[in-house]
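In what comes next, chain A is part of two complexes: it sits with chain B in the first one and with chain C in the second one.
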Partner chain A sequence: MSLMLNHISFKPTEEYHLNDINLRFDSGKMYTILGRTLSGKTTLLKTIAGLQTPDSGSINFEDTDFLSIPVWKRNVAMVYQQFINYPHLNVRDNVAFPLKQRKMDENLIEKEVQEAMEKVGLIGFESRKIQELSGGQQQRVALARSLAKKAKILLLDEPLVNLDYKLREGLREEFKKLFNVSDESNSILIYASTDPLEAMQLNGDIIVIDEGKILQTGTAKDVFENPATAKVAEITNDPAMNINKCLIQDNSLIMNDSVQIQIPDELKTVPNGKYLVGIRATDIYLDDQGFAFDVEISEISGSETFLHLRNNNLKCVATIEEVKTYNTNEVVKINFDKSKIYLFEESGDLRHSPYQQ
Partner chain B sequence: MNFKHKYVFLLPGLIVLIGILIFPIIFTVRLSLSGWNSFNPGLDFIGLKNYIRLFTDDPRFWQSFFRLSFLAITTVFLQYIIGFALAHMVWKDIKFKRFFRVLFLIPMMTTPVIMTVIWRTFFHESLGPLNDFLSIFGVQPPWLSSPGLAKVSIIVVEVWQWTSFMFLLMLAGLLSLPKEPFLAAAVDGASPFKKFIYVTFPLMAPISIGAIIIRLIEASKIMDTVFVLTSGGPGTSTETSSFFIFIKGLREFQMGYAATASFTYLIIMIISLTIIVKVLTKVLMRE
Partner chain C sequence: MPKLYTFLKYFFVVLWACFVIAPFLWAISTSFKDFNSVTGGATYIPWLQFEPTLDGWSVLFKPGSQGGINIIGPYFNSIFVTLTASLISIVLGTLAAYALSRYTFKAGIVKNNDITFFFISQRIMPPVVLSIPFFIFLSSLGLLDSLAGLILVYIVLLMPIAVWIMVDFFNRVPREIDETALIDGCNPFQAFFKVVLPNSVPGMLVAGLFCIIFGWIDFFFAFILTFTKVQLLPVKIVALNSSITPWWSLSAAALVSVAPLIIVAFIVERYLSKGNLSGALK
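After this line comes the complex of A and B, so read on.
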């Protein structure tokens, strides 16, 4: 059983929100749609759910034309980025809502509701009003509602983005558990996210989308190691991979007048010319013999420090594995891990990845 | 700081309040205890005689009151249904939405007395266009001179005149609803009809109660329509409380007795509206 999207396009204004989307989702698998804000993730999910009609293209599910089925008859469940619940119902009735629409037996509803509430840890809150819950609990209610429905397609649109850090970590763990459970039910799970780390952690198939176009699909490992284009490399890394123009000439990689490095052996076959060089922030390290860069901004993130560096027109972000304060315009010396260098054609296509044989 | 004179600033409001609200009520109570009529104008004191007469010896007042209850509840119920339906219709994006929104408001903008005169002409048994049309089918109902049909005519005019107001309140309510629950309901498998029953209607409950109460209060004062359309007739079959009080006070000049009826009517209205609010809250909001 699979969900097929064929040539889906949606262009409400001058710009494409979805541009010729072709995707295949298989039952019992989990997919992560990774893209920046306004890349078309939500539009894509809404199109699958039926809240939006595409201008062209077709969707097939279980050999039926999905687009001809109105939204309330499609067997889908959706959790939104905002915590959407029914303000006039209590927690229990909120979770039971989709089941009541199906005219299920009361006892069965009660059982399913209890099960779903247990999964998200809401036992004891049954008769509370929605307004009396915290943001995280409200999102749990929405999640429980989507789980109780036992839909064939479960759509999660950045469900964790509006929660605080601690809760996000906790719920993400639960998500992973829930997804393993739902594997048995053979449903399709589609999770939209802007956070590359989250996408990698969830460990499903990754679909990279930008400006309404699918840029790459593949396993988390594959997308991480071999990004198809420079743009994918930017989207799938946080902080974004440093992409800079460079010139390869006589075995040296020239980024600007002062930053020139000897290229590693595996790049020696690359002909001279203009390229884009990609280096992950984590592959830049402090080195007293390295190149001098000015600190533009230094931000502490957890146990790491992000340094926004500049050398004339060359900019890059480096992740330093310690917490340290740097002054603005302080000069630091850094170097690049040559074995981790990506090379892209000027058009953006991948030319060389360190993980390629 | 000590503002001893701060209460002086309350005076303008207080004077207006006393002048237009408190004094008339107190004067009405005092008047109801007097035998003021056209032969004996003056604030003498006759005790509870008027009240005893009203409660033991005046079925006409009570008949007019129950008639009023019937008319008010029926008209407001119809106004609510039609007003809600119309508001729901122009709430979503439909063609000529703005045109319809304005169109449905026109009855409210007209003057009730003038429109009632037009309706009276419309309902006229031998000259009216309605019966002229119905004569094609061989019927000419006595719209204003049969007790039953006269009530129907009043209901029609009242509903026509005031559904606009209900429409306006309900449309404002619908437009103020959050959009999110409807998104969720669609994905949760609610058809448009179920969406209305399980989401729109419960969310609209507080607004509905407010609108119904406002209209009930207004409809209880129904006077101009009756006055112009039937003058309470035929007989007393369309006489309402306010029309009864008007006849007693300003036609027969039994001022004391009219004051008694007014004050009794006021008390009954306060009590019954309080009960209605409680019941509606319980039924509509399930609390």
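After this line comes the complex of A and C, so read on.
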């Protein structure tokens, strides 16, 4: 059983919200749609749910034309980024709502609701009002409601993004467990996220989307190691991969005239010319013999420090493995890990990845 | 510091309460006076400063033949017209407002906001502009001087208020709630009646309050569109005026006509503090 999206396009204004989307989702698998804000993730999920009708294309699920079925008959479940529940119902009735709507047997409803509440850890909160719950608990209610439905397609639209850091980490762990359990139900799980780290951790198939277009699909490892384009490399790394124009000439890589690196052996076959060079922030390190850059911004993130650096027109972000305060305009010397250099054509297509054989 | 704050808070609340209650007390005291007590200088306390009398009140309930105006009939007419018109306005207004808030309408350059504005623009015109059209409409429908005619006119006057308040209210209710209801198996009508409507009670109460107030206090249309068969309270009260202004019966009439609004305000206030939508969106 699979869900097929064929040539789905949606263009309500001058810009495409979805641009010729072709995707295949298989039952019992989990997919992560990774893209920046306004890249079309939510529109794509809403299109699958039926809340939005595409201008062209078709959706097939279990050999039926999905687009001809209205939302309320599609048997999908969706959890929003905002904590959406029914404020006039208590927790139990919130979870039971879709089942009651199906006119299920009362005893069966009770059993399913209990099961779902147990999964998300809401036992004891049955008769609470939604307004009395914390954000994390409200999102659990929404999640329990979508699980209780046992829908064949479960859509999660950045469900953790409005929660605080600790709660997010905790719930994400639970999500992974939940999804492993719900594998048995053979449902399709689609998770939208802006956070590359989250996408990698969830370890499902990754679908990279930008400006309504699918840029790459593949396993987390695949997308991380071999981003199809420079754009994908930016979206799938946090901080975004540093992409800069460069010139390859006589076995050296020149960025902005001022930075010149001897290229590693595996790049020597690349003909001279103009390219885009990609270096992850983590592959830039401090080196007294290195290139001088000015610090524009320095931000401490956990046990690391992100340095936004500038050398004339050349900008890059480096992750330093220590917590240290740098002053603005302080000069630091850095170097690039040559073995981790990506090379993209000027058009953006991947030319060389350090993970290529 | 907190003590000073508490003191100031209570001080101003009490001050405001006095400011609001004083005129009522004055009206109550005046309503028990007669001509001599009113014109004989400022007096406030019955028995001590003046001899109370029920003359002011009795005029309101005596039939015309005995020099009274008998407001009981008009009073119930006013209640019936106001409540019926408000109820219909709220029902129609809520439905219209939901549609205007959630669906996109387009006819040439006319869009949702223009339709919403069209509703409220009905209230921009001074009532006198509408008096002649309303008169002609009602007379051609044979509804002049009838409760049905008044209700019809009041719906036209009150529905814009309901639409305006409810559009604003629905715009604040996250669309995702409706969408979730659809996903959870409701068709659009079920989504409205099972999910949106139960959460709209606070907005409908506010809209209802405004409708009742504006319906209850209208004098102009009640005056223009009725003659003898049907009369509403505000029109009837004017009949009190004669060569000598009867302040005592006017005070009594004022108290009688403001009483329903006070009751409504208390009921609505109680419900308003109960319901809220805070659990819908974080």
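The rule is simple: the second predicted complex is superposed on the first by the 357 of 357 C-alpha atoms of A that agree within 3 Å, B and C clash if a C-alpha of one lies under 4 Å from a C-alpha of the other, contacts with A are read in each partner's own complex, and residues count from 1 in each chain.
As a working rule, contacts are C-beta pairs under 8 Å (C-beta built on N, C-alpha and C of every residue); 3 or more make two chains touch, one makes a residue touch a chain.
All values derive from a computational prediction rather than experimental measurement.
Clashing of chain B with chain C is the outcome of superposition onto chain A. When the two complexes are overlaid on their common chain A, residue A:131 makes contact with chain C while staying clear of chain B. Applying the stated contact rule after C-alpha superposition, one finds that A:108 touches neither chain B nor chain C.
Contacts of A:162 after superposition: chain C is touched, whereas chain B is not reached. For chain A, the partner touching the most residues, choosing from chain B and chain C, is C.
After overlaying the two complexes on the shared chain, residue contacts for A:38 are found with neither chain B nor chain C.
Applying the stated contact rule after C-alpha superposition, one finds that A:323 touches neither chain B nor chain C. After overlaying the two complexes on the shared chain, residue contacts for A:197 are found with neither chain B nor chain C. Of 45-53, 81-89 or 261-269, the segment of chain C running into chain B after the two structures are fitted on chain A is 81-89.
In the superposition on chain A, the residues of chain A touched by chain B in one structure and by chain C in the other are 49-51, 70-73, 76-78, 80, 82, 84-88, 97-98, 101-102, 142, 145, 149. Of all residues in chain C, only 174, 176-177, 179-187, 190, 195, 198-199, 276-282 touch chain A in the complex they form.
Note for the complex: chain A touches chain C at residues 46, 49-51, 70-74, 76-78, 80, 82-88, 97-98, 101-102, 129-133, 135, 138, 142, 145, 149, 162.
Interface of chain B with chain A (complex): residues 178, 180-181, 183-192, 194-195, 198-199, 202-203, 205. Touching chain B in their complex are the following residues of chain A: 49-51, 70-73, 76-78, 80, 82, 84-89, 97-98, 100-102, 142, 145, 149.
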